[in-house]
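Below, each structure is written out as structure tokens.
Each of the next two complexes has chain A plus one more chain, namely chain B in the first and chain C in the second.
Up next is the complex of A and B:
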């Protein structure tokens, strides 16, 4: 489970010139730049680390001059480019079960077909696998599979699950101890670079600045109309901070630009940018739980903006870090701060905690209801979502709906079925509103 | 002196009672007694026992229970055990259970721990995390603190602190039980016609639902009775079954494999019964001893990280050698992440060692056994006919 974007979406009204906002151009350049570094890593003498989005220790990897390769992001990018289906089939032909995570199979399929990345250039074999085992069981097996293939050093960071709804000192100490005694020595060994904690502090300081602006952007959806879509647009907004850029001045600059653009949208009372231009009228405000489908991302999004539905908050944009509840990376407590970051990632929180968050979002963002996009591949998100639905409905009195799709397996996206369900859901919201106004009269 | 059939019938009655009558009777036997349920694959049962409670394994509803409510909580692409477990809870079949422990086996069981907190707020529900780092000073330190936390919670539940002496006595009781479990497994591996797997399965499964002392007596009785019985030896193929460590196969599936011409000589059905490979020291610091056993003397399984690539899957090869299995059946529940993600890696290790295998999936309520019997029968025949051995 993870997140982040392909290239940013341009406002693209059919008869109007395509205008890209500065933040979009910035992000596109950043992502292209990281793929460029990856493709040229060998010739540039750079070492490559593969890791995950939840529990992503980008600042630490940067301390060792390692290029960050995120297999989840490659799978997403391949999904958005309609390439993932054949990669999944390739992995299944080699004995990987149809029942398991399609990110894993898309990644393995890519490796089996020569490791040509989403941008058409080769992705080098990793020099180290940083198995940040955070909030997803599949991660452990995924990197065992990659270790078998690449035969490279693999270091595990076990992040305990917040089963009781809180991080404990024991959990934090365990993570810090692993960082000190296992992860950092392994990264030093592979990179040949000695660890410098002041360098880490500097990166964390930069992270906190970007986090501040990211939270501001996400919370801007409390406005009416919301100037952003916090799910379909949100996956772009979290791109830099969830991937290879957290802790870089580029990320700070990206969020500064983005915030400026949103300020302007609020002043002009504009709705979110969509692939077909600005959303004109906001009819429904939703909170969405679960990752999006990537293979039909645009079609999926269109089903919302065509109906005037805007997502004002989503849980998926918290999968690589929960910042809107107050956490910031702390340069004064660098390793402890990394531990707290990992512990707090959305899918590392227990189900009651996740429900509390959703309830809070519905109330804080004045949403009309909850929509769950349940993903076949992702038990970490999906197991228990039907109880989440019931519980949120019970607590908020707002209607909730349930649709099903998959991350990057196009076989599990049924457009007609999803559209039908969404239309029924929007009608249900209307009826609830009608009921309320009738009661008021 | 009990006969094998009497022991097995007794066990079967206990296992097939979906109201958990045997455990209920234990609880009713003395005022204030508590029962703590746990899910696969492992929890330190000694802690529950030392607190004075009865640990019982909750392994789903099997093929005899109609799941009505449970399906409303799970999508079609999620395995069966959580939905039948929810069914057990919602239908009040677990209303005598005071605590539930959910070990870190996969994301489905992990999330079920949170669901249980919401659905059954009066039950002490806890997620039990185990270390995936196996260094004494890192994973060991973490696990010791986690065990002490659990020990405190169980003490609160049972109304008395769990003393070191009580814990040492519980370790000794479980050592005795594990020794007998190992004995039964070794006996079956040596003379599988004398200990058919459906019988051994019931014997082990019933052990999840009774006091450890009673189970140890049953195991002893079974060994005595099974040794005495004269049973025909068939020309079956010796197979090891793996991947069934959580959601359990229906008994008919186990029977079908043996009817198809196989002797199951090793399996991972009830991993918790023999999680520790040898005795845990019953002297000294009991928490430290439990931690050491987990880190350095416990079984390998798909839910556990293997830090050393060179050791990956070797446990399976060693089990094949130890049990003199002629082939391996990968038998995983549908949608089981640990077993299905691990399977290609384990199969490659078997390939390297020229060990034959087949694979299929099941659900706890699978009803159609013909395809499985045909697959297992073909596998057994092919080994008999074509194997170099």
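Up next is the complex of A and C:
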């Protein structure tokens, strides 16, 4: 379960909006730049690391001049560009079953079809696989398959699960020791670059700046109307920080621009940007758990903004790092702070922790309720979601609803069914608001 | 009179409920959903209107002294005559279209022979029509398409063979024409047909000796009161394409929840098994939905599952339940997938299992699937109201009672004979409220 699409939403064009959405253009350029670097890595003499979004050690990879390739992001990009279906079919042809995580199959299918990236250019084979294990067991199996395919060096950072709901000093020490004794030596070996902790400190300093602005942007949804959609818009906002840009000045600049745009939206009391322009009236404020469906992303989003539903907070925008609860990368404690980052990713939090977080979001953002989009092929995170739903309902007294779709398998998005449930849910919220006066006689 | 309409457009049938200002149900109507949702809604609404007029006539007539003993049979005769009149009218239209469609059909070139064959078929259908509506006659369905279709096929097979024109060419004409008949908007002139039916009943029952002036007054009471459609709310499976504007649409979940609450105010959990979906809904003491779950993507375990099994077994849908009730044991059916269950059914038959026992297993399978959806919605709470077409199936109800008892203990299980109208009832209540608020 992970995140961050590349191409920012092209809002309905008007000269004014193009200026307003400078951050979108910036992000689009950044992502295109990274694919460019990937495509030219061999000719530029650059080495490539593949890694995951949760527990993404981008600053560390940059210390070794490694280009960061994120298979999940490739899967998402292919999903949004309607290419994932055929890649999944390719993987299934080679024996991967229907129930396997569709990120995995989209990635394997892409490799089987010659590793042509979402932008149509080749993605080079990785020189190293860096697996930060943060709560998703499938990730481990996925990289096992990739190791088999690419026969390259593979290093695993084992991040202990926060089963007790908190990180301990032991856990942190364990991760730091792995970084020192396993991860850094492997990265040095593959890249031929000597580790320089001051370089890491510099990157982490940039990260913290960007994180500060990201949190400000996410928390802007506490306004009424919310100037952002923290789910459909949110997946764009987390793009740079969750992927190959955390720690870069470009990311810092992106979040500075974005924050400026949101400041303006708040001043003008504007709702969130949607693919069809600004959302006009805010009727429902929701907290969402679970990733969006990527293959029908626009259709899915439309079902919300057409009804005046805005997502004010989402857990999915925390899978690549939870910053709004206070964590920042700390240049004074570089390796320890990378350890804390990995431990705190949403994917590494236990069920009670997730429930507490959602409850807090519902209260802090004055939401009308919780919506769970449960992912058919994601066994790790779908398990327990109904329990989360019931408990959040009980604690907040707010209605919750449950829909099901998939990440990047277009076969598992049933538009009519989802629309039916969403509209029922919105009407349910309305009905609850009406309370006893609207009740049957 | 101001009326408030609720329409539930289901995958199989479309239902309408008409309410007065005090939220009393004054009429109910049902029709097959056909390919044209707009027409289906209008037909169902029209049926509800007919039902309301009949009820008004009955109320008025019931005030006559000395009629109490014969009122029920008189009304039953009147309704049968009215239905027969409608049937014959539709049949004439079907015949006209069949003849019109000969040109351009596979039978083109043999027009006069085809015309003769079609006329023979319809002569037979007209001739036997009164027996279909005779007192005590059992019809598998009340929908024109079903009644006319099954008889057309039987007669056309015979005539197609004897005329040498073949069954297929006649069937082709029927298939094309029935769609056109069903696509016609219903006649809103209820009065004409009603009066004719009344004349026939009175003529055939001279012994009734009802004072003409009183009957005429009752007719006026029933027909001359304008039933003004104040507001209409639609709901149903095809909600995306419902022929109503957005502000007239309510979620079927909310409508079923509210409808069940109106029928049984103690309801806390509702299970609705319809043709293509199964819904489990939790409501509060005001009928407000607290949570819900539905089948996802796949219609396994819904009403269509039973329809498919009936087709596999070559029996009528309504025969499944009674057959399952004869079981002496329950064969375990592993699959709730409709297609797989069909294969399992054939396997079991081949192994020599009794049809009744297999049927019991299939009914259990459908209810097991519903139990899973129920538990995901928050379980079964007292009182539990079961609605939808499958609630009419006694074997499904038996399995449900058993599984609810096993999993949740004793509780009141409500099944209303009019449960098929639950969604439309809720929609009508929303319709009433829309004006109120």
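The definition used in the following text is that the second predicted complex is superposed on the first by the 427 of 441 C-alpha atoms of A that agree within 3 Å, B and C clash if a C-alpha of one lies under 4 Å from a C-alpha of the other, contacts with A are read in each partner's own complex, and residues count from 1 in each chain.
Note that contacts are C-beta pairs under 8 Å (C-beta built on N, C-alpha and C of every residue); 3 or more make two chains touch, one makes a residue touch a chain.
Please read all numbers here as calculations on a predicted model, not as lab measurements.
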Which of the two partners, first being chain B and second being chain C, lies in contact with A:350: first, second, both, or neither? first
Looking at A:204, would you say it contacts chain B, chain C, both, or neither? Reply first, second, both or neither. neither
Under the stated touch criterion, which partner chain does A:371 make contact with: chain B (first), chain C (second), both, or neither? neither
So, A:312: does it touch chain B (first), chain C (second), both, or neither? neither
Please indicate which partner A:404 is in contact with in the superposed arrangement: first for chain B, second for chain C, both, or neither. both
Quick one: classify A:432 as touching chain B (first), chain C (second), both or neither. second
Would you check which partner chain A:141 touches, where first means chain B only, second means chain C only, and both and neither mean what they say? first
Where does A:386 make contact in the superposed view: on chain B (first), on chain C (second), on both, or on neither? both
Counting only touches as set out at the top, which of chain B and chain C does A:181 meet: first, second, both, neither? first
In the superposition, chain B vs chain C on chain A residues touched: B
Intersected contact list for chain A, partners chain B and chain C 386, 404
Within the complex, chain B is touched by chain A residues 94-97, 99-101, 104, 133, 136-138, 140-142, 144-145, 147-148, 151, 154, 156, 158, 160-161, 163-164, 168, 170-171, 173-174, 177-178, 181-182, 350-355, 374, 376, 379-380, 382-387, 391, 404
Please name which positions on chain A make contact with chain C in the complex. 386, 390, 393, 399-402, 404, 412, 414, 416-417, 419-421, 423-424, 427-428, 431-432, 436, 438-441
Residue ranges of chain B in contact with chain A within the complex: 72-75, 77-78, 82, 102, 104, 106-108, 110-115, 117-119, 126-129, 131-133, 135, 137-139, 141-142, 145-146, 149, 302-303, 305-307, 309, 312, 334-338, 340-345, 347-348, 361
Please output the residues of chain C touching chain A within their complex, sorted ascending. 23, 239-240, 250-254, 258, 261-262, 265, 286-294, 296-297, 376, 378, 429, 433, 437
